[in-house]
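In this document, chain identifiers A, B, C, D, E, F, G and H correspond to the written order of the chains, with residue numbering beginning at 1 in each.
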């Protein structure tokens, strides 16, 4: 970067410098999680380059790229990555053997991209996602139909927009650890997901924890960390 | 009021001037509703005086006073009014013969004062309140136990604080007109009832309408106006 | 959805699975209301497909699609639906025989789309809409000219943007049930309809209830549910 | 103030230093307005001392003290000032001969203190206040009864809490300059007067200008400055 | 509008119905102001049609159209109107003979469009605008250079974005009536003009009144109403 | 409650009715958690009565009461409960045998009450709390000194006020599940804990989940549910 | 702290444990600043104990205690500390020899406590405060009278409430480093200092930096760090 | 500007009038800083013209243009300016000889444009920027690796988005003056940088001062003013 006088960056053995980004190569050692590329604001070329660099440095485990534009999804596929359309994400390298199970509940089709990001993140971080869709609070009979399954997983991620009431209802039905993800689905006084976020933070069901609006990735990381600590259970 | 130069208030045959307030005497003719005294910010003496004035002008129908302090409740009782402790309200004069029924649902003991204000307002405005308590979303079995009763009333008022999810769940179970009342119950990111208010405004159950935070009176007026228009039904 | 490991969706007899959406086929039985397609975020093809599926499952009653893009309106028309330009909506199948009347008041031309959505929703949900336009608070003589008609309907829906004062003024003139719809019309400190929403929630006229910003659909559902419960009245 | 090292205040011929405050003695020369003491946060002794100091420096014109506590009102009276209970204010010295007239409209008894502060401020700043009370938007007949008088004044100040709709309605009836004062009257989603403030800023009646919440003083200053510029008119 | 059942609009002798809008023809009689077309959200054809209709109904006085897009400006010009580029506005018909003067102060080039809208509105509403530019608070010497001129006008309109401090400084220099217009100029924590709006509402200079963000039109109306009431003064 | 007409509450075998509250007796069966009394807004007598009732119904496991006033703490102690001063809480009955460990980190003495509520809740819900105090981000050496211990627990709860940065720093050091608790400690632009809440929701460390402001109880429930699922580990 | 199971706090040689607080003894070594006790929420006894402990550990330099209640000021004086009434603070031990000068500007008497806290903090942190009071933007002549002095200091701290315009005006007059402190002085739409804070963040004068509302301490620390780095200048 | 009647701008010897802007020619004399062109909202032609005008008036020192669009960068280059891509800025004329050093810390690649604007502004305002990148709080080892260098500069500017925690951590490691710059990097509850801004304002590290969101220019001005006052130090 020639335009600023006196830049100063000494090499760091634990990172790879791509010019536009310095890539952390030992994150897995520190936290047990894979490397992840946050695609928002990056060009398709940058996404492909980072995916390739990280994959080359450890071909034995997956790299995950999230929040990809349509163009970045194409570039990722051309770089050899597996593309996940609904989740707007891509993976390169083999997924880990899963341990434990994470239930991913969502209400409507609008929440599908966030729920898919949760599920894919869970799979990349070492646990098995189990998606349960179309269980909104305004149609309780559907939720009641899956009630028993809430106790068969090691962690629940509940994705909801608008008023964000689903985690409260689910949280009243089970003692399984539960992470709520507000989505920006809504209009007017939803204020871009704020209504759902506040609803979840004020849940009357105890033990509900919350992540940022649309942060399926963060919820997936947290859920996988919880589920993969679980003792083995008999296969379904 | 001698301190302001040039005040200018001509007498109005339709009001009674008490010095500190001008009381509207023909509200009932205009809207079919009783006179109501909003007690917040009024002294016990003022509350008692307005109650008495209004009662004298039409002894055949009730006057309602809401948001009364403990002292104002005492003054109202001494003025001959019936005091309603939980609702923090008082009535003077006979209640109208009810027409139609209004279901008043609430979740916790903290919501009780607002729910009681709804019920009393409904009774004063010409309909019959039916209270259903302890039906929070985190304990669905209780709500399911009263499910059939939701269709037996002409209007529902659903009172809830915290995340305000109850109207969404109830609204998914019935097509009865439904008015949601957010309460200021909560702390932190409930922001004095804002979370519940936003949740209700963004309800995924269609047809939910909302009033101001803690506005049990307003919800009661609206519900009674709806229910008392209903055709007669067989008594329970 | 092949990209997420372990999806899990068992068939449900009460819904039709279109791949991108599961369509609720028994909503009418539960609430007495028609099926509705919320068009925002759906492709024209999806809108047409859902309309057709729902219409096929019950050709005797209307399906309503709202918040349609120009392209979706075209697709709906080609699928045989009736298109309502101002309301940005479409219907497929015969409207129900109306019972009761709903007055729909609005102030300016900017509020027309929301008012039209209210009126169409009312018609689809079994009541008769009566639109009264150009009655803003800054021109009281127009409102006064329609004053008598406010008592001739079973429910009022009042649509207003900017400061949202119209419901307060109308609410002071009549005891008819009144639902207020804030619109996002305005700029600067209107904050996308927040000013109108807050104004309506704080209305000094008792009995005003409120829906989300621009939520003409929700107001129409609520109003029709109220009006269609009314006893028969003599035709106008 | 001995606790801070190195204070540095050189005497200024145009101010009087009372130790706890430096009093501006030539404000009138600069703006044509009287000196004013903002009483909030001042002790009764301080209020009395400033009143007396200012009065002594120009016994021929009034000093105004606003936002006085009950104790400060007593202290002001003992210092020889005229106390205005409703306005929570006091004046010392003769009021100026008024020029022009300012109409001060308000809706309910809760807005009375702010309206009284407006009226008194107008009188102190050289114009004649004309108070018109109990003209809320939910009772239009009262407002219509005073309609002709809106054009008989040189400026209007409209005081309202809750949804703050009154200025829009009044502004549609007249072309007289109009200043709106939101009050903190309300609860819940009124957010301490924010709803009224936003409503007034978004008024659909053109030409409405607004001051801070409860700022009767500011509105009175602005109104008097406008009205006292008016050409003479025949006395009422 | 054929898509909504039961529309209901009786003719009103005081308005002209253009199909997409009903135009108020007697506004001038009621308030002394000209008709104004708010162009936001209207097509160029609609703007031209309304301008022409209003001009035809009273060719002797101007019609003003504000908030015009580039295309609407072209259409207005083709319809015979005079176009004001900076103000993004157009006028059709002769301006009134001005009475009184309004000073319009602004700080930077970014505020120019709002200041120009103020000035043009003043001219259309019967007073003479006097623009004073480039007088930001961070360059006091420029403001001081025009200090004497602040007392030579009958009303001041002060336009400012960012922190909105200019009205406070100007208000401390003069007793002339002063209207502040916050603009949406700024970024980050200016929140679209909110910072400037709050700053102006909290001005320490008494008598400052405020309009909505970017509302040059509203400020111009208010200022002209004030200035044109002024007694004649000698020409400059 | 005699003041409201037509209350309607049928007995429910799974609850105990105390008049002022209906107590849920089978919560433990449903979620594996103990009964908890939320003390805010309850009288000392009510707290003592609920504690005793719940304890009597299952003397073999603890009841927890939180958010107790000083008076309620006294009443709880007199009822035989163990009082926890810092946590402002009380327990009655034996704590469960812990399984797994929860690290509770906090920065300053002001956060102590919330951290203590977390720790006590963890103990009541079946896990072992390990408190680590005085590890604020502005003194990294203290945090670094306990770094190895972050991996020795099954879940971390990080309590912080002001800017709420501690969870981000801790989350960068470990892959242990981490729940962040914002506290209302701060002033000015902390807005009662909002700054810390937003900071935690936007944490750059992946996998951080968040609860409501000051909600130590909720964080404790969530953490215990996670930790007690962990496989046995060797004792420290 | 006996009520929480399993607390865990190993001794740290660099701190002194007082039971209710752990006191940092080597802050000065790390940053060159004195120890400071934040008094809000601490009992008078705690304040006195911490002051004494810190003073004993290094009697050669001052300890500063801020935000003290009236009772804590008494306790501090009895412990031998010097009390600073206006700043609501106390110091124990000799102040450092000052290097460089910091100008502390404020507008009104209401801002005096914050300005005094700035000045005292500056003195405790090794520079010389120079207070300049009563220089509000609505009285520019006073500010102009001290204009030359703005360049005679090494750093400026500008304290202002309400609209917070003073830093913009001062920042336009000088290139001296300038720190702005918003105060919570104001009412209504000042929202506890938010208006002033936003105003300062949006200052049109470049180079203005800002601290939290009422954070005189933080501004004083920053200013002293800047000023004491300055090369020596000739004494005044 | 012909469309507004009565414009009024007298020539000012200290500015150059370009028609669309009046350029301040003596800013440097007043504050010691260079002229700066704020490019947002200006056309490429305007940017080039102002750069050229200012450069011609003083060819011996640099002019800085910030917030340039891609087109404006091209126009600036064609006008002879040096373009700084990352900073989206351009300079024309020789940079001053630097005095003192400013450390510019940032966490991620997303913050690079703001950090580059800081560095370039510092260089233009007479000090030497030293950039230190990739030191986010979630990877403390990188920050610890540069710890010693924090004391080798005269001022620090810390750039961070999301939760904005970096300034608190850095501020705990050093006593060097520190200016924090929140960036709009983030999504959901980051609210366009508000979360980072609030975090920095509430920093638990004393002495942190803050500028507006994304205001790299303002931080650079402040930092250079501080650093260039420093006494000479030995070269690195």
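What we mean here is this: a contact is a pair of C-beta atoms (placed from the backbone, for glycine too) under 8 Å apart; a residue touches a chain by one contact, two chains touch by 3 or more.
Everything quoted here is computed from the prediction, not taken from an experiment.
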| item | value |
| --- | --- |
| Any chain that touches subunit D and subunit A | B, C |
| Duplicate of the B-D contact set - from D-E, A-B or D-G, the pair where over half of the pairs recur | D-G |
| Chain separated most widely from subunit C, comparing mean CA positions | G |
| Per Cα centroids, the chain farthest from subunit E | F |
| Copies subunit D and subunit G touch via same or different residues, half shared test | different |
| Between subunit A and subunit E, centroid-to-centroid distance (C-alpha), Å | 50 |
| Rounded Å distance, subunit F centre to subunit G centre (Cα mean) | 35 |
| Mean-CA-position distance for subunit H and subunit G (Å) | 27 |
| Per-residue multi-chain contacts in subunit E, two or more chains | 139, 173, 188-190, 194, 197, 201-202, 212 |
| Interchain contacts, given as pairs of chains that touch | A-B, A-C, A-F, A-H, B-C, B-D, B-F, C-D, C-E, D-E, D-G, E-G, E-H, F-G, F-H, G-H |
| Sites on subunit A touched by subunit F in the complex | 30-33, 36, 154-155, 173-179, 197, 201-202, 206-212, 217-219, 221-222, 225-226, 229-231 |
| Subunit F-facing residues of subunit G, complex | 1, 3-9, 12, 14-15, 20-22, 24, 40-41, 182, 184, 192-194, 197, 212-215 |
| Sites on subunit E touched by subunit G in the complex | 107-108, 136-140, 144, 162-165, 168-169, 171-173, 186, 188-191, 194-196, 198-205 |
| In the complex with subunit B, residue positions of subunit D that touch it | 82-87, 89, 95, 98, 109-110, 116, 119-120, 123, 128-134, 139, 141-142, 145, 187-190 |
